[in-house]
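These notes open a run of structures that come right after.
Presented sequentially are two complexes of chain A, the first with chain B as partner and the second with chain C.
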Partner chain A sequence: MPDLTIKQEIDARGSACPGPLMELIRGLKSASVGEVVAVLSNDPGSNKDIPEWVQKIGYELVAAETTGNQTRFVVRKTK
Partner chain B sequence: MHRIVILGAGVGGSVLANHLAEHLKEEIASGAVGITLLTDNPEHTYKPGFLYVAFGKDEARVFRRPVRELLNPLVTLETETVTGVDTKTRHVHTQSGRRFAFDQLVLATGARVLPQATPGLAERGNWFYTLEGALALRQKIDQIEGGRVVVSVIGIPHMCPVAPLEVTLILEDLLRLRGMREKVEILYTYPINRVHSIPSVAEWAAKEFESRGIRSETFFNADHVDPEKNVLASLEGTEIPFDLLIAIPEHRSASYLEDSGLAKGGWVATDRGTLAVNGQEGIWALGDTTDLPVSKAGSVAHYQAFVLARNVVCTFRGRKPAFQYDGKTMCFIETGLDSATFIEFSYLRPPRPQRPSKMIHWAKLVYNNTYWLNVRGVF
Partner chain C sequence: MADKMNLILMNGTLDKLLAATTITSGAVAMGKEVTIFVTFWGLNAFRKGAWADPAAQKLPADYQQYAPALKEAMQRMGVKPWIETLKTAKELGNVKVYACGLTMDMFGLKLADLEDVVDGEKGVAGFVGDSEGAQVLVF
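Up next, the complex of A and B:
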């Protein structure tokens, strides 16, 4: 089973679009291949931006967990 | 004496110091209050001027004035580089070894530009976000003969979110005027899935780009520049060869803020209404250094200074600092050598770009001069 240890947990709540995506990108830039980064966002724009970007770059969206008005996106750097 | 210390004599720090001196002139004269402004450069620079310097439209000296000339005489100015803030003992430390005690402190040291954060960029890229950068770019723009110019926004947030659009549109106009537009491809890249962070501006700019034959590549997060091959490579795996790269480098707040525990992730966490630094008593921030979801623009620093002056005065008088900044922002957008539009917006009201006109361009040129009154707190 792949390792799901979170390398970095980013709390981007309160940060408006495109803040959470940019913070996720920054986190993944400094991560190594195989590592997992999570970002917590309460910006509705993230629900579209983040999965779209993850698909474009070809990383893995491991989870998108919504609680109330916030979503935690868990992304693995796959290459 | 109640000591108010302001760090940074840029737009926010200077306007704030002048407003405070006006509000508190009697108390300053009687010795009950002191306003000290610490800044690392005896000259004040009007940064929007860099755009005109890059295109050879103005000389750099037009955009610089001695800070002292811009300040109310009641403000004490100290040319000092701040190296740290001790929030426990409430002192500011400077490079020369001096210490300044404060009762209220305002962080207004703006943003730094970090080309070195992107490998290869400093060797092979150009930018106009510093005066030296704008002067170097001017030479490159003069020498364009053909090929591909890439305008790449690398870091978000950065100062003046519309400046990358302006440099692209002015360049396009200039190349047309020189009769070499067909020989030059202009490609604009942006990190998210549209050409600007604000949706209505992105929609307007995308149409403008299309009608003027400017290509764009979105979801492009620059990873490095290959200085040998003249290639800009993205995290997403795209490689773009270029003849001239105009980059908007990564930005951060001043390094002493991270070192003093006042900034996290590059910026100072600030209350969006009162402008108090989160978790601190009597410490405030304004302008580019904050983490607020507003443009890093001079107009923002300026409007914030009106609000903050009142909150600092309330705090001195023992009242609740109840004045609120509403996100008000105003930006001109140059769309060519002699046309411009503008946007005006706030936290709750999104901008709507107007149809570009010569008139708005002239208004911008007038503002570039009236700025020197504006920064004195005249209006």
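Up next, the complex of A and C:
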């Protein structure tokens, strides 16, 4: 089983595009390969933007959990 | 996909500043190098403190009627001031901002009059030289 310990939880609620994505990138920059970072966003744009970015950059979207109007994206730095 | 994106920012209106800095962020997210050449009214918006001065925050005349609605929506959604978006992009990626030398002279500006996000002054040939192999966008 891969390690699912969250290295960093980022609360980007209240921030609009491109805020949550940039906060996630900041978190992943400081993470090591294999580590997992989570970002919580209530910007509807993040639902498109973050999964698309993760796919393009080639990281792994471990989970996207939506509760009410907010989503927590869990991303692994795979390289 | 080119790995460099160069922006020519001519306009100093809020919509253009927000769009240019947001697209800069997207380019940084995709691992691109970004160079922003700031000229004419775009340069005017980079005077120290202008970004926070309500009198200096303008929309194009055609869209002036939407200013209150835009301001309200930006506050409600938590849209950051464009200069903060630019600072974050610079911090996380390779973004350089150059002031147009001719505009500096026309407006009587020195680098010290501009926000610190400006990396230096460049002439048009320098900017065009930098744009080789880059995707160029005009705002």
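One rule holds for everything that comes next: the second predicted complex is superposed on the first by the 79 of 79 C-alpha atoms of A that agree within 3 Å, B and C clash if a C-alpha of one lies under 4 Å from a C-alpha of the other, contacts with A are read in each partner's own complex, and residues count from 1 in each chain.
Everything that follows uses one rule, which is that contacts are C-beta pairs under 8 Å (C-beta built on N, C-alpha and C of every residue); 3 or more make two chains touch, one makes a residue touch a chain.
None of these values were measured; they are calculated from a predicted model.
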Q: Please identify the positions on chain A that touch both chain B and chain C, taking each partner from its own complex.
A: 14-19, 21-22, 25, 29, 53, 56-57
Q | Footprint of chain A on chain B - complex, ascending | A | 156-157, 191-193, 197, 219, 221, 223, 235-237, 265, 291, 293
**Q.** Of all residues in chain A, those that touch chain B in their complex
**A.** 14-19, 21-23, 25, 28-29, 49, 52-53, 56-58
Q: Under the touch definition given earlier, write down the residues of chain C that touch chain A in their complex.
A: 22, 25-26, 28-31, 74, 77-80, 85, 88-89, 91-92
Q: In the complex, go through chain A and note every residue touching chain C.
A: 14-19, 21-22, 25-26, 29, 43, 53, 56-57
